[in-house]
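Below: a set of structures, written as structure tokens.
Common to both upcoming complexes is subunit A, partnered first by subunit B, then by subunit C.
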Partner chain A sequence: MKTYEVFLKRAGKDPFAHVGALEAPDDDLALSFARDCYARRSEGEQMWVVAREDLLVADPTELQMADRAHRHNDGTFLRDLRQVGNAEPA
Partner chain B sequence: MRRWDSMEDFEAFLDGGGLVEPGDDMPDPYRQAVFRFIELHANSEYMGGLTERDWIAKAPGLTNKLTALAKTQDEVGHAHLLYMVAADMGVKTRDEMTADLLAGRTTFHNVFHYRAHSWGDQIAIAYLVDAAALASQQAVFKNCSYGPYKRILRRIIAEEGFHMRNGEELLLKMAKGTAQQHDMMQEGIDRWWWPSVQLFGPDTRPDDVLLRWHIKSERNEDLRDRFVQKMVPQLQAAGFTVPDPDLRQDPDTGRWVSGEIDWDALKAAIAGRGPDSERRLRDARNAWDGASWVREALDEAAAVPA
Partner chain C sequence: MNDMGEPERVTAIEPTGDPADVPGARDLVLALADDELCIGQNLGWWIAVGPFLEEDLALTSISQDELGHARALYGLLGDDIDAMAYGREPYEYLCAHITELPCHDWAETLVRHFLYDTAESVRWGALADSSWESLGAVARRALAEERSHLRHATGLLDRLLRTDAGIAHLLPLFDQLAPMACGLFDAPSGCSDEALVAAGVMACELGNQRAQWQDIVGEALAPAGYQPQWAVADPEAAPLGGRAGRRSPHFAALHAEMVEVLSIDPSARW
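For the complex of A and B:
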């Protein structure tokens, strides 16, 4: 048995989203089981089924980028600059 | 890998609404407690699916047979999804969980230790048991700190909602039916009322880790009380009685108060000493053994080069 991960694209502009996993002896049956397990009621209009061993998984600690302030211009400096600009006579 | 230096840090993370994922270095007591809870849920869905399957042939009429078929697929499907989530916690493999269930080493919900005698019982199960199970699952979904379980519960809850609606529909049909149908339904309610009330479990203990670690979000007694408040008026409005001679309505608050609940019956059922425990487990073992040729054929087919 191999483990597979299942992704569904619901409708329209929705992106593909992970919905769960399953076990199957081969790729053909993985697709069949995925339809049975995750899409019995038209839950998606497209489906990806990927063997778990083929997924590259990033380390979550390397995805914590909240401290990179230079990538998040929240407009604070700009607001200050505009106020300075307004205060000076033209 | 995410890790926490101490249990205090971990609990602060959970209290802040943090979601734990399978790759995280979670504290072992949390891993064990969450695993046991999901395994119990998976086992119960699986045993429930087998019960439902018994009624595909016996359900009256094609529509009810199709519904029984769809519900069987749903319950077995829920078991599949939950066993995957449980196996990914790294405590036991799926095969070990199946072996433990069939050997009676692990447990499943009390309601699957009783026999469904008639179509009235089957409707009472769909109406009362599914409603009780759904209420418990919603209370877990609301605040669940284990990510994969929370995500899979969304789907399970949506499908249990179909079952509960189907149960109410069939109950109301029986209520409007012949005297014989009415009596059959009442007998079903008489047999399934108490097991459904007991499904919520005894009052939550103050030191319950499932509550502290945000797996459960509500106390057993609150969920049970809400179930009683909702179900008693619905059953009475449909012309049925609740088999609790001590049930009374508080004159001041208008709330329904149950009579004494027999917790020994719950303990006996979960321990595998319920009225139908032995037959249910034997049936599950036969189903597993009977399908071994399918599993073997699949494995052999997969071993053949394409």
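For the complex of A and C:
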């Protein structure tokens, strides 16, 4: 059995979204099972089914950005700067 | 009675009449609805006990499709669908015996599923352009779902028939079930399929549909070096006649399960 990832797109402007995974012996049966497991109640009008082994998987260490404070600007620095500027003429 | 003292037989068809009134048309629809009801009920048994999770969901999703077809077909015959589906006497049901089999062995369910859904694809095809317009609409909608059912059935069957274990296990089941599945193309008592074809209710006669279906099944099994034997080996041991109102020994338990809730509370609503 191979593992497949399933993506659905609802009608309208929503993008494709991952809805889950399944196991199937081949691609045709993966499409068949995906319909019955994830789309039997019209949850989407388009479906992608991708073999997990075909996904390009990023190195998780490249995604560890939590300690890079400059990427998490919450606006307080700029706010404080403006307040100082506003206060000057008085 | 005519002047020879014989009962008169009505064979002429009113060309301008409602196609639903052609003799046998409603019985045929009732028979197809009863097939769908029993198949749907039997497939539903697999919830939570399928050989793997995906198959569990697939069989029960297909079960709901088949029950939906039953509902649509009963709806062509009257408003009280529950009364038609659950409230009749056993001899009033016209389902083919193969639909009543429990098939609690998964391989049996797969073989029956393949035989039934190939048969359905042929008969829905013969009804898709029916002069009974609402029947044609049901058939066209069902055909779209049938493609998914067939992909499931043939996907698994083709794959398993490429293995020695699959061949050894599945082919004997075809010997057992293929003759019984021929009953899916029997006409209900008093239903003349020639009249139905003449009135445009069906595109071709049931015997013709059966032959088309047998070709499809034969082609699917040819790569395994196998041709199904269609004749019933021992008609005495396996009396057919589901379409004539004769119920198989499995029907009573199946029906009891279907009406379990209604028999506790006749006013129950889903």
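Here, the second predicted complex is superposed on the first by the 84 of 90 C-alpha atoms of A that agree within 3 Å, B and C clash if a C-alpha of one lies under 4 Å from a C-alpha of the other, contacts with A are read in each partner's own complex, and residues count from 1 in each chain.
Assume a contact is a pair of C-beta atoms (placed from the backbone, for glycine too) under 8 Å apart; a residue touches a chain by one contact, two chains touch by 3 or more.
Computed from a predicted structure; not experimentally measured.
K.L.:
Applying the touch criterion given at the start, work out whether A:K13 contacts subunit B, subunit C, both or neither, answering first, second, both or neither.
P.N.:
It touches nothing on subunit B or subunit C.
K.L.:
Let me test your reading of the model: by the given contact rule, A:R71 touches which partner, first (subunit B), second (subunit C), both or neither?
P.N.:
neither
K.L.:
Let me test your reading of the model: by the given contact rule, A:P25 touches which partner, first (subunit B), second (subunit C), both or neither?
P.N.:
After superposition on chain A, A:P25 lies in contact with both partners, subunit B and subunit C.
K.L.:
Which partner does A:R40 contact after superposing on A: first (subunit B), second (subunit C), both, neither?
P.N.:
both
K.L.:
Could you give the residue numbers on subunit A that contact subunit B in one complex and subunit C in the other?
P.N.:
1, 22-23, 25-26, 29, 36-37, 40
K.L.:
Can you tell me which positions in subunit C touch subunit A when the two form their complex?
P.N.:
Listed in rising order, the residues of subunit C that touch subunit A are 52-55, 57-58, 61-62, 64, 148, 151-152, 155-156, 159.
K.L.:
For subunit A, which residues count as touching subunit C in their complex?
P.N.:
Residues 1, 22-26, 28-29, 31-33, 35-37, 40.
K.L.:
Which of the residues in subunit A end up touching subunit B in this complex?
P.N.:
Its residues touching subunit B are 1, 3, 19-23, 25-26, 29, 36-38, 40, 57, 59-61.
K.L.:
Considering only the defined contacts, which subunit B positions touch subunit A in the complex?
P.N.:
1-2, 21, 23-24, 70, 73-74, 77, 80-81, 84-85, 88, 94, 148, 151-152, 155, 298-299, 301-302
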